[in-house]
Amino acid sequence: MKKPFAITLDVGTSLANKTGSWRTERPVYVDRLPPCNEACPAGENIQRWLYHAESGDYESAWREIMKNNPMPATMGRVCYHPCEGACNRGKLDTAVGIHTVERFLGDEAIKQGWKVEPPAVKSGKRVLVVGAGPSGLSCAYHLRLLGHEVTIDEAGPVAGGMMRFGIPKYRLPREVLEAEIGRIEKMGVEIRLNRKVGDLAEVMKEGKFDAVFLAVGAHVAKRAYIPAGDAGRILDALQVLRKVDAGEKPLLGRRVLVYGGGNTAMDVARTARRMGAEEAIVVYRRSRDVMPAHDFEVKEAEEEGVMFRWLTTIKAEQSGTFTVEKMVLDEHGKAKPTGEFDTIEGDSLILALGQDVDLSFLEKVQGLSIKDGVVEVGPDMMTGCRGVFAGGDMVPAERTVTVAIGHGKKAARCIDGYLRGAGHRAGAKHEVASFERLNPWYYTDASPSVQPMLEAARRSSTFDEVVGGLDEGNALFEARRCLSCGNCFECDNCFGVCPDNAVVKLEGKAAEAEGRHYRINYDYCKGCAMCATECPCGAIRMEPETI
Amino acid sequence: MLKQCEGSVAIAESVALCRPEVICAYPITPQTHIVEGLGLLVKSGKLKSCEYINVESEFAAMSVAIGASACGARAYTATASQGILYMAEAIYNASGLGLPIVMTVGNRSIGAPINIWNDHTDSMALRDAGWIQLYAESNQEAVDLHIQAFRLGEALSLPVMVCVDGFILTHAYERVDVPSQEQVDAYLPRFEPRQVVDPDEPVTIGAMVGPEAFMEVRYLAHARQMQALELIPELAAEFRGAFGRDSGGLLHTYRSEDAETIVVALGSVNGTIKDVVDEMRAEGVKIGSVAICSFRPFPSAALAGALGHAARVVVVEKSLSVGIGGNVSHNLKMALAGRATRVHAVIAGLGGRAITMASLKKVFRRAIEDRLEAVSFLDLNMEVVNRQLERERLERRPGPAAEAILRDLAGAGVGVGAGANGKGGAR
Amino acid sequence: MTGPNRVRFYQTGTFTVGNRLLDVSVGSVQSDAERNNSLNSGHRACQGCGEALGARYALDAAMRAVDGRLVVANATGCLEVFSTPYPESSWRVAWLHSLFANAASVATGMAAAMKVKGRRDVRVIAQGGDGGTVDIGFACLSGMFERNDDVLYICYDNEAYMNTGVQRSSATPAAARTATTPAAGDQPGNVFGQGKSVPLIAMAHGIPYVGTASVADLRDLEYKVGRAMAIRGARYLHVHVPCPLGWGCPTGDTIKVARLAAESGLFPIFEAEAGEVTGRRLIRRPVRAEEYLKTQTRFAHLFNPKRDEARLALIQRIADRNIERFGLVEQEAVA
Amino acid sequence: MFEVRIHGRGGQGVVTAAEMLSVAGFIEGRWAQAFPSFGSERMGAPVVSFCRLHDSEIRAREPITAPDALIIQDPTLLHQVRVFDGLAPAGYVLINSSRPIEALGIGEVAARLPKGHMAAIAATELAVRHVGRPVPNAVLLGAFCAMTGVMKLESVEAAIRQKFRPALAEKNIAAAREAFGMIAGGAGAGAGAGMAGGEDGVRHAEAV
């Protein structure tokens, strides 16, 4: 076309005008730390595995979990999921049921027989892990992934530690636990059962191992002094749970008192109900709101008919009658005796007052430091003795299975660094994607998927798993409730809302090469910040231009 | 075909022969019969492949024509008077975009006071809008000019106004030879637009042009009008060959070769002037006339050639450039710069005031006697004017002038100008 | 999407521009990496320009709807000036600018030309700002409607004459400060009880389709463009496009502010066919009108130096009336 | 050159009359020019139209100030508008009236015209009878042919056929013929002295 001068122009020619020069601030894509990830004691990249689960790629999701946690099916059941307490979605409606998805993925992996292959190249280093509980298993698994040879010495007849002895079947079916332990074994981890390490110093002297990870847990029940007419009526919780796990039927009687307010107290009270106790009464010296047991455990126990006596201490027993004293809370929340007494009838009393660590096997180890009944470790999980690392319940930390799993992972990485003479340096933590960073308008309303509950009547009489898993549809739904805090989930908002088309959408190889799905074209970006404002998950940050 | 019909009907038929594809119709006296005629031709199926659009204003009429022309359709509209002012912005735009729209102007005055009768104030107001302006002397020429206008405009990518005196031509029944479709088709090729809005070859038309290029754009518009000065006579010559008639061209001369006094005018008044010239020639006066057909572009060189030998030129102008005098005479003075020829402007026929042979003869005599002022007003009732001026001297607020003058005229029993149209008709 | 067992849930649904979990066929036009970008990079709109965004949204959607068979007439205004300063054009569509007031008429002419040339596949859009539409271009617009010309007219409403430096138009809301309704005197800002609803006026013409939309709701906007392009005859789309400069809000808040306008009820989003309202966009997260007003300095005098309770109440009443009139809240929620 | 001026009121077909006259002239091979007084065309307002007939091209565009013939379609105008201005000394005047000339109060004008150059005819009545509407223009053209002899009745009839649709044209033609006959008959009975009785509806001016 013969075009008139100036009046008529070729289309799209404004590309010659680089409006990027107007900019005083530039948008930058960032990965912020999702609060769930931050809260996870096992250091799982929850947002990341949910991302895979959202698209139905369960295997990738599971493999993402497996980078940090070798036992998703177990953890999906027993973890107290601090991630969900931190979940930003909780501020919107209800937190994402992360544990339910994790459990689904773990179960799916067992069902599908997914495996993790250790690297073909071996490091030539050998590590001894003492104790086949969660942190020991976790450490062994991660060490195998890092190419080391691992042997676990377990004192007991079966692997699992507190996962087996401390958690009833109705919360963690044994076949699930065994499947996940078995998977670790199949990676080449040698588990030597019934092999108690009596003296670690001696084992070390043999020089078969280049490093040791101690993970013996805390299995010595704490006692309370209760003058009793019949000491046989007083049992400890772990003992009871262990017997039940082994298929025995401890004689508890019709009316069982449980002394303590932790999760173990709940477990044992609920177990007592299942063992035939008509009444199970939890006696706790403080009030419900300061009780250490998780809310959901208390709630489930109540549903199963477990009764509670708050602000009560047990002073003595005589012929099935327990003398109790009423307590009051002072201004610090501490229980104080009142001098008022009462009695409760009970056929047995189960003490659930916590556990101590059996540290006898460490007596001859040089340099170890023990404080408050636990072994002190540095930030690299190493004890005062070079090459000896420790984790789980035996080191100062919260005593949960998830913390133990996390310890195992961290220790493995530090041991790896130690063995390679390089030390381990964790990457710098990203800024947390707090709720204020999000633009929650974009998220669809979605109430959480409810896990099916075993009806109460059945619960009090059987050890069937109380909480069922999600079916695939529900798991997918639940995964998709994730807000993907601080991490791009390819919603195209930045690409769409830029008035200057200055966001380039990358697909296929371009996206792979870039490691992102979008790129800012700074030739045209005027720095209006619309992309940052409208990013639902807070994955774009405006940074001042340097002039 | 030779026929006796109203000018507007003949123009409508002529436009239809040009196969317009989009016609925008909006009524305004005295142009209305043209678009009515076209409406009938479209509605009755005689003019096919044509969108006839009843728009809501003249501004819309021109705007619709702009859109249509920019999409490569041959577009036509007609207007007059207030209508041309109402579309003024779009008129400039059409030429600025180089869209060869053809528009008939049924020339009429502009208010206030509102007046529906003929003069050239309307088209003169838009003389600098970048359009080619052709003025028809008769309905035959009006018919012919429309055919040439489409050809001319499309050749140069410029819009063309064909100016036809309102009522005097538009409403006059007279003998007209309306050509055949075959003749017109042979003369007027298909519209091949210079540029077009088309999804197949998208462009941006109507960009904002800043100081760095605006002068050049404007100059190019001027250059194209200068090209028109060459093309207009060529097209008229070709027209003569094809249709056997002299129509169009830059100007028409009449007994002017040896004339000492030459009368210059636009449009239909040239017929009356020719009759006066004949009468005065019969009396031995060396007088002739020149009708300017193309006022834009202004044929300066041709006029200098046609008028340069005369002692004086009397320009009979149907518009008043208030505050200075005549528009045509001013342009003409530029064309005759450096020559001894005197130029007189005679403002005549404003608002439909009849231009009579008697009055013209009188004024030409005065010119020949060298008693004619540089600017004069034909048949102006000075008595009325002076009375109002006197009133205004005496009172600060003498009331509306037009009404006072009408009162004066009624009181004095004075007819509306000597030989005013049909006496009571104009009152 | 409220039941716990519904599986078809996609995290953000269709509120975001795209959704990697959705099938490509139901993706928005804007999420398409190959979208037309009808308004190209390098245009000179201010940072965060809602109009630039709205125009690209609308034209890209239209281009897809008609498979690229589109021509556009554009009224004078910001959109025209920032997109086509010689020697560069940002448009990637066949585009014509004539005047401020005549876009609707020019489009009529374009549609007539296409019809007469037998090119019925080529569709015509006219577009302009609120000044060029509801004020100076109103007569041409009404004429185009009344004749039912085959044109979709899109008004990008930023509620004032922004091109000339923020002067009041008949789309300027009550109380808003503009250069010609300054925040001075005892009744600062734009007068109450003025202005008009061109969508309702368009409906009164009985044209086949009228819609309002917002840059804050892309999917709704794209749906409406698609719906409009599926219909022949005169159609009207009125798109709310905040102007950070004129409204006095951060450049990054354009969409946020538009969203608050819709969610407060001050900008009702609905559609109508043949003069009857046939659909409305329900308010999702209701907010008080003042939550919207607070985001913009053009309303600052309603809050500083002290709250103008009386006029805030009046504005809230406007929002409430819209909500009631167009049924912007779900019925059970109202009950 | 023969110039005709037609006076009437809006709605009476004054402009059409001039146009038909010009068409009739064209049909006879002459040059003709018809044009109206260019007013806003409202019902009832005084209207003037003009028609020039000539044997060569007509160039002048000025209004007709010295008509050779006047057709007054509405007698109420006789004393309202100066209809007789400029009338040629031997001009013709045709008036639409059922009353005799003497009763119209224009004796002074009648007196200075040659015999047979002024006539009154009840054209409206004829029109109502033939056409069914009070539009006297075609009727008066029939009478005009008879009175002036400048135009053949057949030419006017052909012009009427061009202007009206067939049914209406034939009715108008019938009325025009009757008017022609009335004037021609009157003139034939005694040119100039044609003083007929009231019943035929034709009133010739008395030569005084």
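Per-chain numbering from 1; labels A, B, C and D assigned in written order.
Rule of thumb we're sticking to: a residue touches a chain if its C-beta (ideal position, glycine included) is under 8 Å from a C-beta of that chain, and two chains touch if they have at least 3 such contacts.
Note that this is a predicted model, so its numbers are computed, not measured.
Enquirer: In terms of Cα-based centroids, which chain occupies the most central position?
Expert: Per-chain C-alpha centroids ranked by distance to the global centroid put C first.
Enquirer: With respect to inter-chain C-beta contacts, which pair, B-D or A-C, contains the greater number?
Expert: Answer by contact count: A-C.
Enquirer: Provide the C-alpha centroid distance between chain B and chain D, rounded to the nearest whole angstrom.
Expert: Here the centre of chain D sits 34 Å away from the centre of chain B.
Enquirer: Quick one: chain A and chain C, Cα centre-to-centre, how many Å?
Expert: A distance of 49 Å separates the two centres.
Enquirer: Quick check: how many Å separate the C-alpha centres of chain C and chain D?
Expert: So the centroids are 66 Å from each other.
Enquirer: Measuring centre to centre with CA averages, how many angstrom lie between chain A and chain D?
Expert: So the centre of chain A lies 114 Å away from the centre of chain D.
Enquirer: Tell me, which residues of chain C touch at least two other chains?
Expert: If we look for residues of chain C contacting two or more partner chains, we find 84, 86-87, 89, 91-95.
Enquirer: Taking each residue of chain B in turn, which ones touch at least two of the other chains?
Expert: Touching at least two other chains: 97, 201-207, 209, 213.
Enquirer: Hunt down the residues of chain D that sit against at least two other chains at once, touch-wise.
Expert: In chain D, nothing touches at least two other chains.
Enquirer: Which chains touch, pair by pair?
Expert: A-B, A-C, B-C, B-D
Enquirer: In their complex, what parts of chain A are in touch with chain B?
Expert: Result: residues 1-11 of chain A touch chain B.
Enquirer: Looking at the complex, which residues from chain C come into contact with chain A?
Expert: Where chain C meets chain A, its residues are 1-2, 4-7, 9-13, 15-21, 28, 30-31, 33, 37, 39-45, 47-50, 52-53, 56, 83-84, 86-95, 218, 244, 250-256, 259, 285.
Enquirer: Show me the residue ranges of chain A that touch chain C in the complex, using the header's touch definition.
Expert: Residue positions touching the partner: 6, 9-19, 22, 54-55, 441-450, 473-474, 476-477, 480-484, 489-493, 495-497, 499-502, 505-507, 521, 523-524, 526-530, 532-534, 536, 542.
Enquirer: Looking at the complex, which residues from chain B come into contact with chain C?
Expert: 21-22, 24, 49-51, 53-57, 59-60, 62-73, 75, 89-90, 93, 97, 197-199, 201-210, 212-213
Enquirer: Where on chain B does chain D make contact in their complex?
Expert: Touching chain D from chain B are residues 3-4, 6, 29-30, 116-118, 138, 165-168, 171-175, 268-269, 271-272, 274-275, 352, 354-357, 415, 419-427.
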